[in-house]
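Two complexes come next, and they have one chain in common, subunit A, joined by subunit B in the first and subunit C in the second.
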Partner chain A sequence: MGKYLLRRLAINVILVVIASSLAYMLAATTMNPRAAYQGRQPPVPEAVIDKTLDAYNLNDKTPVLQRYATWATGVVTGDFGKTWNGASVNDELGRRMFVSLRLLILGTLLGFAIGVALGAYSAVKQYKFGDRLIGVGSFVLMAIPVFVLATLLAIATYNLNRGLGFTLIEYTGEYNPKLSGFDQFLNRLNHLILPTISLSIGGSGAAFYSRIQRNMMLDVLGQDFVRTAMAKGLRRRTALMKHALRTALIPSATYFAFSVGTVFTGAIFTEKIYNWHGMGAWLVDSINANDVNSVAAVTAFTAVCILFASLLSDLLVAALDPRVRVS
Partner chain B sequence: MRSKVVLRRLFRNNQARYGFVALVALVLVAYVGPYIGKYDWTEKDFMAFLSAPSADHWWGTTSIGQDLYAVTLRGMQKSILIGLMVALISTGLAAIVGAFAGYFGGWVDRVLMWGVELLLVLPSFLLIAIISPRLKSGNWLWFVVLLAAFSWMITSRVVRSMTMSLREREYVQAALYMGIPRWKIIFRHIVPNMSSLLIIDATLNVSSAIIGEAALSFFGFGIQPPDVSLGTLIATGSDNATGYPWLFVFPAGLLVLLVLSVNLIGDGLRDALDPGSNS
Partner chain C sequence: MSILEVKDLTVTFPGGVQAVRGVSYEVERGEVLGIVGESGSGKSVTSLAIMGLLQQNSVVSGSVKLHGQELIGMKEDELVKVRGKSISMIFQDPLSAFTPVYTIGDQIAEAVRIHQKVNKDKAAKRAVELLDLVGIPHPDVRAKAFPHEFSGGMRQRAMIAMAIANDPDLLICDEPTTALDVTIQAQVLEVLKTAQQETGAGIVMITHDLGVIAGMADRVLVMYAGKPVEQGSVDDIYYRPRMPYTMGLLASIPRIDGEEGALVPIEGNPPSPASLPPGCPFAPRCPMKVDMCDEQEPPLVPSGAGRHVACIRAQEIEHKGLTGADVFPVPVIPPSDVVRVPRAERPTVLELDSMIRHYPLMKGAVFKRRVGTVHAVDGISFDIAEGETLALVGESGCGKTTTLQQIMQLAPPQGGRVVVLGKDSSTMDAATRKALRKDLQIVFQDPMAALDPRMPVGDIIAEPLRAHGRKDVEARVAELLELVGLAPEYAERYPQQFSGGQRQRIGIARALALEPKLIVLDEPVSALDVSIQAGVINLLEELKNTLGLSYLFVAHDLAVVRHLADRVAVMYLGKIAEIGTVQSVYDHPAHPYTQALLSAIPLPDPELERNRKRILLEGDLPSPADPPSGCRFRTRCPKFARLSADEQRRCVDEEPSIARLASAVDHGAACHYAEEVEVITASDDQEEK
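So, the complex of A and B:
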């Protein structure tokens, strides 16, 4: 197992290097950071622009391979370079990473837990009313893209707040900087309500997991070992929880590992719609701002996250499935 | 006849029936609807900016006075077209790459699967977002190619593993010993035997392509103006969704209905083509 994981790790590291290099090359050759300086009033002399861009390693007059070499040596020593206006990409990355983490961790966990619970429940109650309701509900939710769902929630909240005459649920931003201490903590929780709902119930959350979990659970319920478990005197509940659910969790757990891996960058829409300044929003903003180094940094970071996610999924499967550990 | 059995099963399936009826209705609305409406999608009514739905403008008007009914149907035509084309290209590519990798094995397999891994690691959102607005004259066919190029990889891995087991079947071996060239065996014996998987995959790809287009267009990285799609309409609608809800509700509602009906058909197809599976 250890050797296998090491080999996987080595292959993945190569893939990450290639992916981020290609992203850098693409961004460096197609994006034009100079435009932000050329359009200024009063006009900036070209020599000054060149000097500024040189300092940030963004000058399109330098050959792209040379820029790449500078960037790559920086990345190897842990420095992702400068943004288009000279701020440190590392600082931005460090800050935004935790914004995204705070936004996503709750929604991801809740989505998984609710989805697995509903899926297992509807498998046990197959073809009963509850199963049908969950089935129809998840089907409809899966058809609603997250940007539609998030906007619908925002409209509903806006109307609710207006109807009440005060702001019951916040629908934009991460927190109110005027508050402090416990009040601010409550305020942060309030700001989390809508994004968490839109992340956890949608097509990548509970609706998705409940369908996978139901199918797996149905497969498992018909198998001999569950019947054996009940025949040897276990209560139905124990047999279902300990023997059936555990085995049926494997595919959901794999998907869950991947969504944990993308926890930092997976919420482009939610972040943009609810105005959180996390990694996903940064990607969109930096593409629009021709910010080559930031784009490359987000890409490299995402690739590393996916690498860890695939390792995590291997480990989770090994933990849940004894057959994998033996072989 | 297998296809007859499948069709009968498909139409006995409630889900698939509802999905099919809904999809036919939606396609009719998209392609016949514009002839019923009073306005053309390129017309601008300078007497009515952002007016609410009324007898004159059934679904209201946009901020530049376009009739939302006409524009939305125009956008829906494009979304349907994009969904179908992306699904065909990506499922076709997945079948070919997966079957060749699985059948030939060895270095062909290694090279192809390595390419698949690489494409999976590459951030497709970023690549499409950077490339697509820079395409000359906003040619949406290039956008279709881009979208398809990043949506076939996982299916091709499934196809590959199915091919590896099909390769050992007697009829495939027999064809090989009769001297039929290998590429012909792939197209004549391997790919047709995976048709159920491919049909299901293509159907579900339609809905994910429609969502994918809308998602990219939401940030302006997809279909470029003056062309419209459901995605670009939802994007402009959601900016003013609180004040002018009709700008958001009609395109978003049609998108959800479209995706829902295609998904229903896909699910019904899976039951009909592959009765053993319940996934």
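So, the complex of A and C:
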């Protein structure tokens, strides 16, 4: 088992190297960091610009392969280089990563848990009112793009707050820097409410999982082993929970593992709309700013996340399903 | 007092379809009640209704009393105390009946803990004891295995262990051995008898196999279209049936001790529960039908001691002593012209010479590497003369299907030779291969899966004609449909409008379209009910004789083979164990495996079954990836066990090849110590174990 996983890991590392290199090449050949310096008043002498860009390894006059070599050498030693204005990409990455994590982890977990529960419920109550309600609801939610859903939630909260006359639920930013200690913790939680709702019920959260889980559960419900469990003397509810749901979880776990992999970078719209300075927002900002090294860093980081997600999915499935365990 | 009393049980599914229409029976302590019937007769639904395990939207009425306690309408809280405690159930398919993600031991222990107040360790220990009781070797280790790590027979044993975990008063077995091979079936039935002795439970045994019932049951209930049509002691039902359906059913079974020749089919198909005919539901298929039969459905009335019959002509049948063969018309099959020529002078249509087919055994998902070889077919030789049927028999995993695929591919084999109609497959060019496909056709096992559901039957049959550029397609399709006993108008319909037997006839018509010389039949009747099966077997026999066909017939049912085949080759782990004419192999089997195989088949004859001594094989088929050295059968061979150490060495070191037996012209066995033994008839010279 360990050997098998190591081999999978080695192959995935090669994929990560290819993906990051291609992303760097694409960014380095199409983006123009020089533009940020050229348009200035008073004009900056070209020699100065060249010197600055050289220092950040962003000079388009250097052959791209040479820039790539410099970048790659840095990455291997754990240095993702400098942003367009000379700040450390590593520092930015370290900060933004955790912003995204704080934003997304709760929503992802909740979305999965609620989705599985609703899916299992609607499978058991197939064609009854509850099933139809959940079905219609999840299709409506899946049909609404996340930026519409998030904006609608923000507008609704804004009106609610205005109607109440005080701020019940925060709808922008990550926390209020003026507060400290336990108050700040509560304030952070308050800021989390809206993005978490938007993330967990939307098309990549509960709505999505409930459809998958419903199908998996329906497949399993007709199986003989559920009948066997009841023939043993288990109550219907126990048989469904212990035998049917447990088996039907296996396929959903794979989807879940991959969505955990994208926890750090997966919420561009949510971050932008609720004004959190996470990885997704950074990607958009750095593309706008022609920031080659930041774009490359985000892409490389995403590739590594996907690598771990695939590893996690292997581990999860192996843990849940004895049939695939490799001896 | 009886344990279980069922009275007027009816089950209605949503949409108003009555699947069970008034079933009544009683089961005494220690008694085995057999319920027989074809698919759709409502036998399984009856038992699920008793357990309260039907879908929640089906309506159950009538009365089911367990020890006088009414089960119908009982609250779930009460019912769970009965299920698995007083009544246990054994299901048909042991693979899907276990939850795949828990170990066998855990699932049995769960059954113990539901009804008994014991701690986890004690329940686990009890699970091991139970596995030991049902004959699972190393039960302490095997209890930690998952269902997919068990073989089919082992799983069914574990299922029995789970069913008897709480010492039930009643065991309901729903087709407990249908998914198993015959030698494994014999083992499992033995275990079931042990389990009954151990618990003293009453057993309700549901099956379509009249042979299994004959050996197990004390009383029999015959069901047709959701209703019991005859009930009585096993001897009465088998020797003195009084309802034409029972008579037909008994007459239509092919028997391994039977005569060759036509089987007696019951014409027509069982009615759909959604549209029952007026009056007696069997009337449209009954040869004894009179006008009165259409007026009213005959009730199940007492007829003599302890038996009930639902037929208005039952008394007449009794007085005249009629049997199925008297009542049902025996079809006349025209004899074949080809067989008048001695076999040696007829041309050979198919010849296999030490053909080998190995598969690499791979491991790993990304970097696959070869870890071994599956010896699927390991050097088999046989030939088929024109107008002859050779049956290839053996249990699952013996290499029958691989052999067949290799022949159908018309590609060079990995070793040995395949010669079809005089042409060697290794030296064939593409044009010859295509031309040869005309002469070599196949009929598949599952008639549901073998026909494209989105194509009208006419197009299905026309497809091979068009592929080979024939012009007279429409006339030929009509001709073919008539040839297989279907109306030419059926060409417009789609496969789902036909019953299983009719679909198989369509499959046969498609195979016949190009006037082939050799047809490969892959288990052509194993998916069909007995009464339908007889008709298809007769059709195959008739087509062979009138069209001069040759068949390679692959089957696991040795009784069907006896009726259809001229010669038989018994396969074991990729090798032929015994080959010869049907008469010599069935009457004087010389290889211990053939003997065990034949002795494992239940006969639809209670008297013979009671006195029969079976040769029970130990364990399961070894893995074809790691076959035993020398003789492949030695690990399970009852004869090997009785040999002296010196004699045994030969079996271990030297692989036996097929040696012709002196007593017959066409009979050979691959055993160093071959010895002809009669195993089918109940004579006294049967081999004792």
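In this text, the second predicted complex is superposed on the first by the 323 of 327 C-alpha atoms of A that agree within 3 Å, B and C clash if a C-alpha of one lies under 4 Å from a C-alpha of the other, contacts with A are read in each partner's own complex, and residues count from 1 in each chain.
We take it that a contact is a pair of C-beta atoms (placed from the backbone, for glycine too) under 8 Å apart; a residue touches a chain by one contact, two chains touch by 3 or more.
These numbers were taken from a predicted model, which means no experiment stands behind them.
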Clash or fit (per the criteria above) of subunit B with subunit C on subunit A: fit
Subunit A-centred angle between subunit C and subunit B, computed on Cα centres after superposition, in steps of 10 °: 70
Comparison of subunit B and subunit C by subunit A residues contacted: B
First (subunit B), second (subunit C), both or neither touched by A:4: second
First, second, both or neither for A:245, with subunit B first and subunit C second: neither
Partner chain(s) touched by A:139 [first = subunit B, second = subunit C, both, neither]: first
First (subunit B), second (subunit C), both or neither touched by A:295: first
Which of subunit B and subunit C A:26 touches, first, second, both or neither: first
Which superposed partner A:219 touches (first subunit B, second subunit C, both, neither): first
Shortest CA-CA distance in Å separating subunit B from subunit C in the superposed model: 5
Overlapping contact positions on subunit A, where the subunit C interface meets the subunit B interface: 11
Complex contacts: residues of subunit C adjacent to subunit A: 48, 51, 53, 76, 80-85, 88-89, 91, 93, 96-103, 110-111, 114-115, 146, 148, 162, 166, 363-367
Subunit B residues within the subunit A interface of the complex: 117-118, 121-123, 125-127, 129-131, 134, 207, 211, 214-215, 218-219, 221, 234, 238, 241-242, 245, 248, 252, 255-256, 259-260, 263-264, 267, 278-279
Interface residues, subunit A side, partner subunit C - complex: 4, 7-8, 11, 223-225, 227-236, 243, 246-247, 250, 320-323, 326
Of subunit A, residues touching subunit B in the complex: 11, 15-16, 18-19, 22-23, 26-27, 30-31, 139-140, 142-145, 147-148, 151-152, 154-155, 158-159, 212, 215, 218-219, 268-269, 272-273, 283-284, 287, 295, 298-299, 302-303, 306
